[in-house]
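Heads up, there are several structures right after this.
In what follows, chain A forms one complex with chain B and a second complex with chain C.
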Partner chain A sequence: MPQRTVLHVKGLSTSFNTPEGIVRAVDGISFTLQQNRCLALIGESGAGKSVTALSLLRLVPVPGKITGGQVCLEDCDLLKLPTAAMRTIRGKEMALIFQDPLASFNPVITVGSQFVETILTHEPVSKATARKMTFAKLTGVGLPAEQVYHSYPFQLSGGMRQRAAIALALALQPRVLIADEPISFLDVTLQLQILGELKRQLEENRFTLLLITHDLAAASTIADDVAVIYAGRIVEQGPLQQVFGRPKHPYTNALLRSHPSFGRGRRLEPVEGPSPSPLHLPAGCAFHPRCPEMLPCCCNAAPELLGAAGEHRVACYRFNTLGIKSIGTEAVRA
Partner chain B sequence: MKRYLLNRLLILIPVMLGVCFITFLMVELTPGDPAEIILLKRDIGVTPEALAVARRQLGMEGPVLQRFINWLGRAARGDLGYSYTSGEAVAKEIFRRLPATLELAAGGLLVMLFLALSLGILAALFPRTAIDHLSRLTALLGASLPSFYLGLLLICYLAVPSPYLQVMGLGGLSHLLLPSLTLGFGLAAVYARLLRSSLLEVLQLDFIRAARARGLREAVVIGKHALRNALIPLVTVFGITVGGLLGGTVVVEQVFAWPGVGRLAVQAIFDRDIPVIQGYALFMALIYVLVNLAVDISYRYLDPRIKLGRKETG
Partner chain C sequence: MNLLEGHGLRKYYHRRGYQIQAVDGVDISMKEHEALGLVGESGSGKSTLMRLLLLLERPSAGDLYFRGGKLNSGGAQRWSHFRREVQAVFQDAAASLNPRLSVGRIVAEPLLNFGPELGSHRIDERVAAALERVGLQRDDRRRYPHEFSGGQQRRIALARALVADPPLILCDEITSGLDLSVQAKLLNLFRDLQEESRAGFLFISHDLGAMRYLCSRVAVIYAGKIVEELPVSSLEQPLHPYTQALLAAEAQLFAPSEMYLLEGEPPDPAAYPAGCRFHPRCPIRMKRCTEESPRLTTVRVGHRAACFTAH
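Moving on to the complex of A and B:
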């Protein structure tokens, strides 16, 4: 099946101008989203995942500012659009699901009227039609539509709320759905249900999913591709099997070893050392102070994201200088 | 809901009794004998005999408690007594002047809402800018200028040069404007600041970002989603402000010669006209508690998370 690129992000940078200094939360990130596929953006908290999500919609809170790059939805660079035109993209072409399912809804307005309001903002339909669309969407995510429609957000359980949030995000059949830690506020059984719901929606509808998570297990259940982000930069990206199966970057490796699903049978090893302060990022590769395989050149300049095998790319000197051979051998072995 | 309403209405009875009793005591404790004042006003010599007659006519004999119970018994039957000075029925006198006071209160309320909403929203939308500072300064002025002084300033600097604005008595918008402004300005100050901080807080919340992420217009995001949540804490204070509004009318009515119940009350206090003072206190307290009841009920519609009558049965 030929892949269709829906969203193409090139060199996206967002920084926050704080009194203590400039924080480069997102520093030249590039990735593409293909239709009906899911890209998982993985990283520790503070790595710049959520800022990336907000940057795509141009909703970075002050004092944050997008400082460069392109966000192309098909052929249209969203960063160049006037504000009014950008508003027609939000919710209609690109929708966002939040971490806290309570956060997606206004607490003092019924769930149904928040659907209707969103639909009426973007579509020239009657209120009755919008109501009908809402019922269809709520039923589509397995909720009792009549009851949920008239409920206030606080009257729903966490799982129902997140289902409703998914329905609301998909209400206008957006081309891109960004899910920012959609399951981390839910308990474990619900997490699987919600992931399953997202996967089912992805199979049944035409959109592309950007899943932002720190949860490697969640990423591995649903994602087709992954991008590992560290200190505002992508350090490794590629198809799920390749990145998780043969991690190249020491950080990806360390993340996988620290997780029970992947470090099976072995003692879990935490990623050594603290996350870097976003105000004082280490020179060169930001991971080098914590890296078990550091080379002398790592302190000088940040490594480029270079191709490893096929779509698999990694930003690491150890790989770029020494690893060429190892691809060769791997290729031979394969 | 019905049960809650019934409970609240029943609680009103002891509250009103308390208000009446305290007012009665306070009048009793103030120096000055109503009988003596009446005799002086009518140019009758203040002899012990004349005083005794006057006291008997006014129903001022016997211990305080007994007089209070007498008054209460009559009040319960709708008879608030007769004014010592004018001789008219107190209820009739109050009802005749009430519309003027309500007009003034409504005017003050409108000014207050307009000023508070505009200053508060502007300050929250542009925090730490010139607009915010201007709003803060206005609020500071409003909070610190006493209304009698503000009223005089407005008369001097607005009414005197203006051929339109009137400063005495009733009569349409030209008369209502300055007293309303005087009354509303001071009350608006608190709300403008409260609304600013409450709105700033709400604007930080995730559901505002979610509303923007759904592509809603900024006017809808602020005017509907943010404001609705930001107003909830302000409504609480509103119940208390009604007291300020009613009390404020007393001063403002004095400054602008407004023929409302406030002026009636002030005159009654000077004259030690006990039935009128009692009647005034009763009416104002009743309005105050009823408005507060309405405020409590309106919560339910503003914030569906609040359930009335569960814990508030006491």
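Moving on to the complex of A and C:
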């Protein structure tokens, strides 16, 4: 199947002007989203994952500001659109699922009315049609439509609520779905259900999924591609199997080695040292103070994201200039 | 003699005409210096069980023994003696640290309450040593809890648990809500502590992977009952379908092709299904499962399961 690029992000930068100084939360990020594929944006808290999501929708809260770059939905640069036009994009073309499914719903309105309201805002249809569409969408995510339609959000269990949130996000057949930590509030068995639901929807409908997560296992369950973000920059990206199977960036490598199901029985090898303060990012590669493989040049300028093998790209001098092939993780997998 | 033993522990709550069976007939035992993991989803009763084991709540039925001595009868004296021997690290570490006290004072609390008559100098020394043991600085004694990150706050709570060198430490969800690298550092720390200290650890968690890393034995709790208890060495061959599902959920990291989906959601604790409480979600349920509740029976040495198919 030929890949069709739906969203093209180029050099996106967002900073927050705080009294203590400028925080570059997102610093020149580029990636593309393909139809019917899932890109997982992986990073720890404060890495800039959620700000990236909000920047795509132009919902960055004050004092944050998008300072540069392009967000192209097919041919249209969203960052250049007038505010009113952007409102028609949100919900209709690009939808967002939040970590806390309660946050996606108004607590004092029934779930059904919220669907109808959303549909009527964007589509010139009658109320009866909107109602029918709602029932179809709820059934589509495996919910008892009649019951859920008349329920208030608090009356649904966590898993049902997140399913309803997925249905609402997909109600208008958006081209881009952004899921910001969609499963971290849920129990393990429900997490799998929700990931399975997202995957099924992704196969059956025409959209692209940006999964924002800190959970390596979740990413490996449904993502086709992954991008690892550290201190506002993508440090490694590529197809899931390549990035997780043969990580090239020392940070990706350390993340994987922090996971208890990686190389069972081995001692975990987490990244040393604390995360950098976003106000005082280290010069050069932001990871260099914690990097076990640091080179003298790492302190001077940040390395660019360059091709390692095929679609696999990495921002690390070890690979970009020295051409070192691997950090030797294959032994662990086997 | 077992360090801690519970027989037929039950805790029922009554709310607006409903009876909530939070913990329903749990047998649990821990040896000295053992690391036991209690795994379950939210609402399974694992935190209630921890509160029972800490004597923070009285069980509705059942008996609790510490080193052979019965705990839940007898007066306050026996309770207070037990409290010297047990410490806890709670899930919400921030909430368990008094924001108005310095870290040094917080960590010194068990010594001040129960310690032998140590002088203030000795107490100070031991507090500093405990802080260093958990990877904090000696001088952090003078700082306050809000100055620390989430992972560090858990370390403070852990230092407090360790300072009096108790034989039993109960830990509720020590890694939840933390970043992976912070989590991994804590897991390593707990693993080292187990080797160095004389304490037995009871870990309560939803994370099977973390339990595999820390424990020698794991008990799986579902809807208020223990459904399987097994040594970590046989964790790859679980007998209960619920444990199998948990295991499948955990193994996803490098086996993304296999999706083992469990239908439905955990049951409402106010209205458990008849028979085996897992049967509505069970992929291998039989007619018998809807009528009769399977007992937790020993299948092999150290391996117990509550399922009619387990043998």
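Convention: the second predicted complex is superposed on the first by the 321 of 334 C-alpha atoms of A that agree within 3 Å, B and C clash if a C-alpha of one lies under 4 Å from a C-alpha of the other, contacts with A are read in each partner's own complex, and residues count from 1 in each chain.
Here, a contact is a pair of C-beta atoms (placed from the backbone, for glycine too) under 8 Å apart; a residue touches a chain by one contact, two chains touch by 3 or more.
No experiment lies behind these values; they were computed from the predicted model shown.
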{"item": "Combined model on chain A: chain C and chain B, fit or clash", "value": "fit"}
{"item": "Touched partner set for A:L57, first chain B, second chain C, both or neither", "value": "first"}
{"item": "First (chain B), second (chain C), both or neither touched by A:K92", "value": "first"}
{"item": "Which superposed partner A:N17 touches (first chain B, second chain C, both, neither)", "value": "neither"}
{"item": "Touched partner set for A:I109, first chain B, second chain C, both or neither", "value": "first"}
{"item": "Superposition-derived comparison: chain B or chain C, residues of chain A touched", "value": "C"}
{"item": "Which superposed partner A:N300 touches (first chain B, second chain C, both, neither)", "value": "neither"}
{"item": "Which of chain B and chain C A:T121 touches, first, second, both or neither", "value": "first"}
{"item": "Touched partner set for A:Q147, first chain B, second chain C, both or neither", "value": "neither"}
{"item": "Chain B versus chain C as contact partner of A:D187, first or second or both or neither", "value": "second"}
{"item": "Distance of closest approach, chain C and chain B, by C-alpha atoms in Å", "value": "8"}
{"item": "Chain A to chain C touching residues, read off their complex", "value": "44-45, 157-160, 187-193, 196, 214, 216-218, 220-222, 240, 244, 254-255, 257-262, 264, 267-271, 274-275, 333"}
{"item": "Chain A contact footprint on chain C (complex, rising order)", "value": "41-42, 149, 179-185, 187-188, 191, 206-210, 212-213, 245-246, 248-254, 256, 259-262, 265-266"}
{"item": "Contacting residues of chain B [partner chain A, same complex]", "value": "205-207, 209-217, 220, 224-225, 228-229, 232, 302-305"}
{"item": "Residues of chain A touching chain B in the complex", "value": "54, 57, 59, 61, 87-92, 95-96, 98, 100, 102-109, 117-118, 121-122, 152, 154, 168"}
